[in-house]
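Letters A, B, C and D mark the chains as written, and numbering starts fresh at 1 in each.
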Amino acid sequence: MNSLGNKWIFTSFGESHSAAIGGVLDGIPAGMHIDFAMIREALNRRAGRSSNSVAVSPRAVREEDEVEWLSGVFNGVTLGTPIAFLIRNRDARPEDYEALKHSFRQGHADFTYQAKYGIRDWRGGGRASARETAARVVAGNIAAQHLAKQGIHIQARLVQVGSETRPEHFDEVIARYRGEGDSIGGIIACEVTGLPAGLGEPIFDKLQAHLAFAMLSINACKGFDYGSGFAGVSQPGSIANLRSGGLLGGITDGTPLTFRCVFKPTPTTPKALAQLQKDQSNGQMVNGKIVNRSDACVAVRAVPVVEAMTALVLADILSMNKDI
Amino acid sequence: MNSLGNKWIFTSFGESHSAAIGGVLDGIPAGMHIDFAMIREALNRRAGRSSNSVAVSPRAVREEDEVEWLSGVFNGVTLGTPIAFLIRNRDARPEDYEALKHSFRQGHADFTYQAKYGIRDWRGGGRASARETAARVVAGNIAAQHLAKQGIHIQARLVQVGSETRPEHFDEVIARYRGEGDSIGGIIACEVTGLPAGLGEPIFDKLQAHLAFAMLSINACKGFDYGSGFAGVSQPGSIANLRSGGLLGGITDGTPLTFRCVFKPTPTTPKALAQLQKDQSNGQMVNGKIVNRSDACVAVRAVPVVEAMTALVLADILSMNKDI
Amino acid sequence: MNSLGNKWIFTSFGESHSAAIGGVLDGIPAGMHIDFAMIREALNRRAGRSSNSVAVSPRAVREEDEVEWLSGVFNGVTLGTPIAFLIRNRDARPEDYEALKHSFRQGHADFTYQAKYGIRDWRGGGRASARETAARVVAGNIAAQHLAKQGIHIQARLVQVGSETRPEHFDEVIARYRGEGDSIGGIIACEVTGLPAGLGEPIFDKLQAHLAFAMLSINACKGFDYGSGFAGVSQPGSIANLRSGGLLGGITDGTPLTFRCVFKPTPTTPKALAQLQKDQSNGQMVNGKIVNRSDACVAVRAVPVVEAMTALVLADILSMNKDI
Amino acid sequence: MNSLGNKWIFTSFGESHSAAIGGVLDGIPAGMHIDFAMIREALNRRAGRSSNSVAVSPRAVREEDEVEWLSGVFNGVTLGTPIAFLIRNRDARPEDYEALKHSFRQGHADFTYQAKYGIRDWRGGGRASARETAARVVAGNIAAQHLAKQGIHIQARLVQVGSETRPEHFDEVIARYRGEGDSIGGIIACEVTGLPAGLGEPIFDKLQAHLAFAMLSINACKGFDYGSGFAGVSQPGSIANLRSGGLLGGITDGTPLTFRCVFKPTPTTPKALAQLQKDQSNGQMVNGKIVNRSDACVAVRAVPVVEAMTALVLADILSMNKDI
């Protein structure tokens, strides 16, 4: 449930307002030097601190993602044993969320968690909070460092915001939606170079199936396609089949791997919050003020998360394919 | 690699020209009556025999998918032990594929299998052949029967062929591409009703992640989205978030589950085959004639496969969620 | 439930009186030549046909284990795809077992299967029958052939029958118990040579844990130990620790791997059957005659099964350890 | 590798001298009240603090196993999300182990880890240290609390030390070996009451196979048997089969579950340490003094570890069997 992978196994833990979030990364080869600065840089990108973009919310300024390493690394080198790490939840202001105790935010997992578990940590999304993706970025960056040593490089970028496809206009579009108290979706494209041909599995464990799984596991992701993708539906076979996306029959063909994923607009908008929340337990209106700290376009900060998940999938599959 | 699921575990085997294809379905509850006629009906839909559509190739007439049951069923009732079955490969005419022995068809997995394994069954696609999906349909139909008893119903349908979205014109579009010796893609939409709220897992094992995985594991599938999907990118949050697709935070919200997947045009077209095949071992042209038995739009026959994979995913997740 | 392994994955199916038993072996490297004669020889040892020993029951003469290969092998060489095979159940005489329909044999799984599933195939043990081990022997022998090519050899032998430890007296002891309408247990010792040092995993997936799991999964096996084992309890550390059994901390140390497992006497004895069977549904005595076809010492025929399970465990762990 | 279970999944991390050891427990039902005092009591038993026995080493006084809870519990109640916890390594005196940097202790995993990983944390056993079992006790105690609510109780006890089987003489025997600078093994018996009939899986996932796996995964455990076990080899079937040990065909029969496991003497004895250590890198003698903190009979403190592992196995199997 909270683990991913077969040999490079990443287990994630933590709620947005528990003592910490973190993870355990198992199956990493021994003897690998970890570049901690690269991990910090990826976390900064996720937190929005590496950009002056208006797309980034004030949350970025407050979040400090200091990674505490618990095990598996000795003098900066991996031991082959599980690498455990945590990031303290310092920004815990549960009083901001008091109004959510008995209400369910639209478009959020509040209701579904309650339906599944009969209990939930109502403080700021709890386990469903996007804060959990920080742990993915830490683990994924270690995977990316491992891949880079083998000449495999992953590059994701935002290619569409709303119906805008010109990057130089993205900030402007986001600012407009933010100004209206609304939010907007985005599409991220990812390219992987340096993969050898013959990587992946046929039938169920096709490489594209694992990538789709990993992308759809990211909060707010609503779709995945690769190669000719959805656009290819209107092209004849003689043309569409020229765009393999780097995979045939679930296995790499030696050309760059290309895929896209779409992120929905965040549902936590000032406009949505202005709607009076109804207390499910007694039908009364909730008067408490819900502070909004969300981004107008979550796709912006999802870019390093897409890269991290891609790296975890590829490191795992490379590891599983070693003997063939 | 050739297994799917955690409790409802389906293992698939067989090449297009080995003695048989088939599967083993493990984890099925004991005491379930199997409706063999329903399984046959689904196989007929996959084979194209239930339609007079021009979309269907002559292959449908020849394929006879008689299921031989080996174990797990006693007097028509499941024992709780593995259900093994096979379908003989009667249509084995490897001489039709002799020309492929040393060449790789464009857009096919011929090359990638060779790269991965260093060996392949070159007769008709071997393990990568879409014939393997017949085993999925058998297993998936058993899952669908199990779900139906709990009021859960799955319905997939073709909603787009090329750029055409009016079903009554699909045959015409397909006939046109076939006439040109070419092929065309399609989009299948699937709806699931009757799912209880609270089904699924947060974080990695989100229900949409499992569905995406299952769909992308189908031959020729190039993409998946659910709810507002890719189209939702251009809608503001205040609108896009009204279309959850039945899932929030990876867990069902009690509304119908809706998703789409796109299938590329088949790469095996008369046009493609007319291109002279190059023998990879010696660089010479291949003179042998390659008989084409493929459909002009594989999405037509993929509809029951989409339903089967959806049923397998849902039966597995229902089973895994029993104790929560 | 019916699968074993992480990369060399063996799935078993079949009841003693269903159409067939068999299995699917997934994760086998491509390009391996299969020696079918070796598989037959191992099956003969399991069936007791390679011995003139009085220990062997008349069942051996009747059982014919012809393996039918369904997929994964092309011209005698593995394709890297799943190898599926079956063995028909020709000796199906369910009428011999009619008396068992409503009764539970002592020491057998009749009652526990009924308790678990609420239904069972009462014919000859059904899924719990030792006949299932024939499928293990087929799969295990393929694994053993793979290991042999890497210089790894597995040798199991019967080292104790009752309290007798002199092999040349085993037949005599077994004949005595058989003559009394009773049965007797045995201990099998197994040695593996040629394993490289550094194989295995620390913590949960210790190599001895996997071996213990595999041995305890064999019908009638009641215990496992390795190296100094149970006998080592009365030796001081300065002596006991000299007998590592080939493993330290779950990982091979380069010395031969040695372990033992104990098999209980078969519970299906003439003496047990002479006891009148009680019909659980109405409390009446069952008059039907139950034919006994069981061996007086099942440990004799368990030797190739121990070797098969050892081979499956080692092939899997070797495969999982390739990248470290 | 460092995870156990299919639905109740326990992941363990940490070296004896890394920042912390700990674990993540996933798949726990939501809404369960945790009794933290019970966990502490089990940890005390493992640390030897609850006994005045001479069997306990001075290490017990120093070890303080304060559990820090990171996630998954909110107001003392489980959320259904992963429970992460850690125990700081306060007793880190790596200088005591400096002499081990280039040498391998006999009977320890020092050499095999080096062979496997090419690197190791040489401080006090690192990952192979028995300290790791503290994390198992924490997770196992949560499982035991869950089982107790369903009327299932686990009780392990030391039944043999050396060749002594009278508990009131155990301290004396241990003291004698300690006095000689040596160590001695022990046998632990475990009984589980309250299990329903029908629990477990046939074929590979037999309940006894999972128990054997879990026991053999404990440091120093060299063997496992259940019911009539190894002793049953010399009993005729008519007698041995009366002692099922609570399991038939891998499935519980409703009688108490009984099994035993044997623990070897610790290899870290003053006698062993007095032997001059050889530096593997240069063949020179190592002069550094190695401080011995080990128990003379590790089986004493293994009792709560056996209970913890039993609880984890049973909670997992109960959870997996919910839908049948």
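Quick notes
The rule is short, and it goes like this: a residue touches a chain if its C-beta (ideal position, glycine included) is under 8 Å from a C-beta of that chain, and two chains touch if they have at least 3 such contacts.
Bear in mind the structure is a predicted one, so any value in this text is a computation, not a measurement.
With steps allowed only between chains in touch, the distance from subunit A over to subunit C comes to 1. When the interfaces A-D and B-D are ranked by C-beta pairs in contact, the top one is A-D. Averaging Cα coordinates per chain places subunit A and subunit B 28 Å apart.
With each centre defined as the average position of its C-alpha atoms, the distance from subunit A to subunit D rounds to 37 Å.
Remark: subunit B and subunit D have CA centroids separated by 46 Å (rounded to whole angstrom). Residue positions of subunit A with contacts to 2 or more other chains are 1-3, 12, 30, 80-81, 116-117, 127, 202, 324. If you check the complex, the residues on subunit D that touch subunit A are 1-3, 9, 11-15, 18-22, 24, 26-27, 30-31, 68-72, 74, 77, 79-84, 86, 116-121, 126-127. On the side of subunit C, the complex with subunit A involves touching residues 6-7, 29-30, 80-81, 202, 319-320, 322-324. The residues of subunit D lying in touch with subunit C in their complex are 1-4, 12, 106-109, 111-113, 115-117, 127-128, 132, 160-163, 177, 180, 182-187, 197-206, 208-217, 219, 222-230, 232-238, 240-241, 244-245, 247-254, 262-267, 269, 271-272, 321, 324.
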